[in-house]
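The structures come next, written out as structure tokens.
First chain A sits with chain B, and in the next complex the same chain sits with chain C.
Up next is the complex of A and B:
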């Protein structure tokens, strides 16, 4: 692994993300990169199921939202410290994903895609009516929560570095899966599930494993994201726009590649930031996202990476 | 000789149609058993019942002594039973080598990813795809895709190979090459169950032949005895002159 150039490409990206705002204590840059790390984490994990195994998941945001809720809840009344609450939230979400996965991954194509929306909506409806989670008004964390991390200023930096670490871990996970036997099985499922099974791929187990494995890091990212804002409510945590955007990002960057979703996430986030702040286009980013998706699907089915590989075939060995 | 596969009273119906009707037969180790019969006789359904794509309504299937009735296809593959498809099923965006690596990784040997590469290459070379190792499967000709089906199955190092019309759709030169490959497989000690409509080919390849008609066994025996069987001539061969010609060309 250490001898492969792509390992160092990921390390470089992580180092740049960590160092760029830290140099000169640039809080404004840090805040703009927070969302980029979250988008990259979500898209990269979703890509393992969507890009490798070929299962379109519209409700991937449920992992993020549920991770957020569990983390915020555990830090509230039971007053668990952040690392413990975070890890517990991630583990619980992964386990839940395994159970859901074994159920809905029997479905294929459009039926699976619909079921993933159902899972997200179902969980949202549950949380809205669940009193310990604050119902539809949500949960707040007191400001004193930041104290164990050295006050709000230091806490926000720690959260940022943790988000960067989770982003890096997501990229390594995606890369390691792609090069593994497990990844080969997922790619075979993505191409032709019946043929894969006849060749010996344990399709059900692999799909559920992929679904559960890629729930963990987004749940951690959700925990940190909502810990950072010290507030969580159902409409933010389970916002389907977010997971639809993750799909646009994957298509934009190139599904099935490791670099594509990360590159797509960064570019999309920049575009989104620009559209949100511009006077002419405020809240217009979803229209752009929709048009972008249409253009990519019609003219660039391989996304940015597909286009780059086509122009420079040798790039394949450097950027997976 | 010991039996590698035992099919006992196996049956499968789709709606009111009895696709396979209480069928029994045995394959001995290292033999080539031919399976022939008119279209719709239940040959491909039988393959699907053996490797677990369909679950039989009745009967048992034993492979190397183990009961595999209703076991899922991936478990059957892991035990060492590989198959090809009548309608080719390449993993299109993946290269020839990657296709074969899937077979090697998840077959009988259960190889780790790194070692699967070598087994994949060997299988691809064995069927004559050595010039196409890095070609995406989608870009192969139909003959290439048929060979890929076989290579993928071989990469799994199977004990028993089910071949479903690997010669169909090939031109005479390609047929000759494929027959050569199948003969070399037998020399490697692989047991083969083969479905084929190309009579000359199956008569010369098979040690024994089972004839299916309407899901039932119509006849069983050496190629010569089957070719001379009046029932087989009536149901399948159609022409006594062709039958005599075939009987003269067989191995027996």
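Up next is the complex of A and C:
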């Protein structure tokens, strides 16, 4: 794997993300890149299920939100240190995803997509009523929470580097899955699930494994994201806009590729930042995301990567 | 809570549930005929609600007289939507039609929130109710259920007794065979989609006579429609009406006992469970 150029492309991207704001202590750039790392993490992980196996998950944000909730909760009353709380949250969410996955992945196509909407809304409604999680008013962390990491200033940098690391891990995971036998099985499921099953792909196990595997890193990202803001509430944690944006990003970049979601996430984040600061468009963020998605689905189903591969076929040997 | 109270709550739940059934009929008709899950369903329900609000408050039309304009308007909007977002997706992977209708929904909701915000709207509708024991059933609930029954009966007659309705069912059964028998399938698909959207609009209009609403109410009712069609079986309009009544019955049964905010949790749990346990629908046993 080390001899493949794409391995080093990912390493380069991660290095640029880590170094760019650190040079000259540029806090503004860091804050805008935080969102980019989260988008890339969410989209890359969702892409394994959506792009490889062809299962549309409208509620991918559940992993992010639940990870955030568990991490903030464990750091609050039981006062667990960040690394322990983070990994506990990630492991718990992965396990939950495995259990859910074994159930709802028996469904196919549109049925599965509907079930994921149900899971997202159901979990949000549950958390809103669940007293230990603070109900609809949410959970707060005291400012002293940043002390073990060397005060708020240092803590925000540490959180950023961890988010970059999670982003890098997501990209490598997506790449490793794509090159493995497991990934080929997922791609076969995406092409024709019945045929894959007949040819001996353990479809149920593979799908549940993919669902659970791609829950872990988003859960960690959620934990860090909400640790950073020291506050979490249901409408932020389970914001369907995030799930929506993850899908737009994947389609924009090109489903089923490793580079596509990352490229799409970065471009989308830039576009979004520009729209939010513009007076005319700040109210029309959803409208623009929706129009973009419609145009891609109607006219450019391969996304940006599909278009790039079409123009320069030799890119295929460099990027995945 | 007395026994009468519970019975009254269940009857009221059934009245309201039949309107959910009407909403779901639109969704299930489209799904059954063209294998497209119409994710603009929620915004079409909201469009019906706002049509009622605008027609009554701006033009001063009596609430129930908006039924016909909403039906016709919904049909036209549905035709436009079919040609914009759905036609190119027919026969492609289900992922694509999900995403295309989903994106149209985003655009519509985004435009709506930019214009109206997300404040609560209420259309005052008064109609004499019926009193039984100490309980009064609101006239609006009774009338909404009665109108639902009439529309559902019309749809049934249309689908099973007219040539056009039979063409729709033929296309749902086997599009290629229908095409070979000389049925203009594209036009039939467009007609079925428009009909489904019109039903969503009318149900939204009826729901708005019962409850206050916001621009984002569509999501909740769209999810209720999913629960209902999953109960009733996909592509089965009669099943959808039964599913709606069953959901309303459940809501009526649980509301006296638990806080309203928990009903959502129960509905979604039911939704996912039924989806996994009976993917063909609880009331769809007769379908092969």
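Methods note: the second predicted complex is superposed on the first by the 319 of 320 C-alpha atoms of A that agree within 3 Å, B and C clash if a C-alpha of one lies under 4 Å from a C-alpha of the other, contacts with A are read in each partner's own complex, and residues count from 1 in each chain.
Keep in mind that, in the parts below, contacts are C-beta pairs under 8 Å (C-beta built on N, C-alpha and C of every residue); 3 or more make two chains touch, one makes a residue touch a chain.
In this text the structure is predicted, and so the values were computed from the model without any measurement.
Just checking: does A:198 make contact with chain B only, chain C only, both, or neither of them? Give me first, second, both or neither.
The answer is first: A:198 touches chain B but not chain C.
By the touch definition at the top of the document, which applies to A:107: first (chain B), second (chain C), both, or neither?
Second partner only, chain C.
Mind working out whether A:188 is in touch with chain B, chain C, both or neither, as first, second, both or neither?
first
In this superposed model, does chain C or chain B come into contact with more residues of chain A?
C
Contacts for A:290 in the overlay, against chain B (first) and chain C (second): which applies, first, second, both or neither?
second
Just checking: does A:27 make contact with chain B only, chain C only, both, or neither of them? Give me first, second, both or neither.
Touch status of A:27: no partner.
Identify the partner contact of A:180: answer first if only chain B is touched, second if only chain C is, both if each is, neither if none is.
first
For chain A, which residues lie in the overlap of the chain B contacts and the chain C contacts?
none
Over in the complex, which chain A residues touch chain B? Could you list them?
Chain A reaches chain B through residues 179-181, 184-185, 187-188, 191-192, 194-203.
In their shared complex, at which residues does chain A touch chain C?
Residues 50, 54, 56, 58, 103-104, 106-107, 109-111, 113-115, 117-119, 121-122, 125-126, 128-129, 240, 244, 247-248, 251, 283-294, 297-298, 301.
What residues of chain B sit close enough to touch chain A in their complex?
Those residues of chain B that touch chain A are 51, 53, 72-74, 77-78, 82-83, 85, 89-94, 98, 101-103, 105-107, 112-113, 116, 152, 156.
Which stretch or stretches of chain C touch chain A in the complex?
31, 35, 37, 85, 88-89, 93-96, 98-100, 102-107, 109-111, 113-114, 219, 223, 226-227, 230, 259, 261-262, 264-265, 268-269, 271-272, 275-276, 279
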